[in-house]
């Protein structure tokens, strides 16, 4: 039943995502309980032009 | 004022989405009250490569 | 696999919530496909002091 | 530490997004406290075919 | 139609929230367009025991 | 910069949450890259009366 939403910069490979969801699921079950079958994970790839910290888009920071 | 967010696999047709939002709105008002005008719905199409259960991406399951 | 998040004002009864989730699930399956077992719904009760439209908290509107 | 998520119709320019995140950050710090460095903002561009109010997709309203 | 979700530490006063939503709404309209009436904001008060950065709950950091 | 949101049933202990956020952070960095400092996690405790699958609230299932 746990739902895990991960927002991260776009650009991870399929292999990284495969490892990420497998290990996040293992980690959840090991530390918080429940069964792997109950864990749902949704990944969101966010462009640097849609993410800001300190009032500046990351697309502008990387130009810096 | 209710906000409904629906995350689902990409691939629904425009017609399915049209029916879905009309009927979700009707359902909300009939069971929980309020007016149709106040109901906002945002649909998110999620790729199978960004959704996992039981530690496995759905893009990998469908290869199985 | 669909995940439905509903944000609404606090105050619905257990009976209203029971009807809401049953009928939202039926509606999703009927219009967008999939199985009832795959539909997860999370309800969030939001206080009027934490919800605003037009720049005004609903807790202040109702005082109006 | 505040996280601000903004869902809005797709179509804003890079310049509008740059102004939006800078000023939302300033606004948060001025009214609620904290430091600009701690404020994270994620923008989500939503297509009119994925957003509904009053049971109707905005892509259908604009055809009206 | 824009929806703004703000997650922040619990503890802001009603007055701070009132100012925050009024000014966030003004800021959105001034920089991204639209009308104040269309802007919905939901505030979420998060306890320090439910928020972490760098792998540490803020409730533990403040014990430091 | 990654933001991880975890929705789970209420009832985890402080110790479980402490382990969960530490290990989720490690897992993210090890599989997807980035630095631990950039990882933010928000936990949401959801009551069984606000979570449903297959059209039934978990508060009703556990009565079954």
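As written, the chains take the letters A, B, C, D, E and F, and residue 1 is the first residue of each chain.
One rule holds in what follows: a contact is a pair of C-beta atoms (placed from the backbone, for glycine too) under 8 Å apart; a residue touches a chain by one contact, two chains touch by 3 or more.
Values in this document were obtained by computation on a predicted structure and should not be read as measured data.
Trainee: What are the chains that subunit C and subunit E both touch?
Mentor: Joint contacts, listed by label: B, F.
Trainee: Would you kindly say which chain has the C-alpha centre located farthest from the C-alpha centre of subunit D?
Mentor: It is F.
Trainee: At the interface of subunit B with subunit D, does the proportion of residue numbers present on both copies reach over half, so same, or stay under half, so different?
Mentor: different
Trainee: More C-beta contacts across D-F or across C-F?
Mentor: Ranking D-F and C-F by C-beta contacts puts C-F first.
Trainee: Provide the C-alpha centroid distance between subunit A and subunit E, rounded to the nearest whole angstrom.
Mentor: So the centroids are 21 Å from each other.
Trainee: CA centre of subunit A versus CA centre of subunit F: separation in Å?
Mentor: About 13 Å, centre to centre.
Trainee: Centroid from C-alpha atoms only, then distance subunit B to subunit E, rounded to Å. What do you get?
Mentor: 25
Trainee: Among the residues of subunit F, pick out those that touch two or more other chains and give their numbers.
Mentor: Residues 1, 3, 7, 17, 23-24, 40, 42, 51, 53 of subunit F each touch two or more of the other chains.
Trainee: For the protein chains shown, what form does their contact graph take: line, ring, star, complete or other?
Mentor: Shape = other; not a path, cycle, star or full graph.
Trainee: If you go through all the chains, which pairs of them touch?
Mentor: A-B, A-C, A-D, A-F, B-C, B-D, B-E, C-E, C-F, D-E, D-F, E-F
Trainee: Using the touch definition up top, name the residues of subunit D that touch subunit E in the complex.
Mentor: On the subunit D side, the touching residues are 1-9, 12, 16-17, 19-20, 23-24, 26-28, 30-34, 51, 53, 58.
Trainee: Which residues of subunit B touch subunit D once you look at their complex with the stated criterion?
Mentor: Residue list for subunit B touching subunit D: 14, 17-18, 21-26, 36-37, 39-45.
Trainee: For a test of understanding, state which residues of subunit E touch subunit B in their complex under the given definition.
Mentor: Subunit E residues touching subunit B: 1, 3, 40, 42.
Trainee: Subunit C touches which residues of subunit F in the complex?
Mentor: Touch residues, subunit F against subunit C: 7, 46, 49-57, 59-60.
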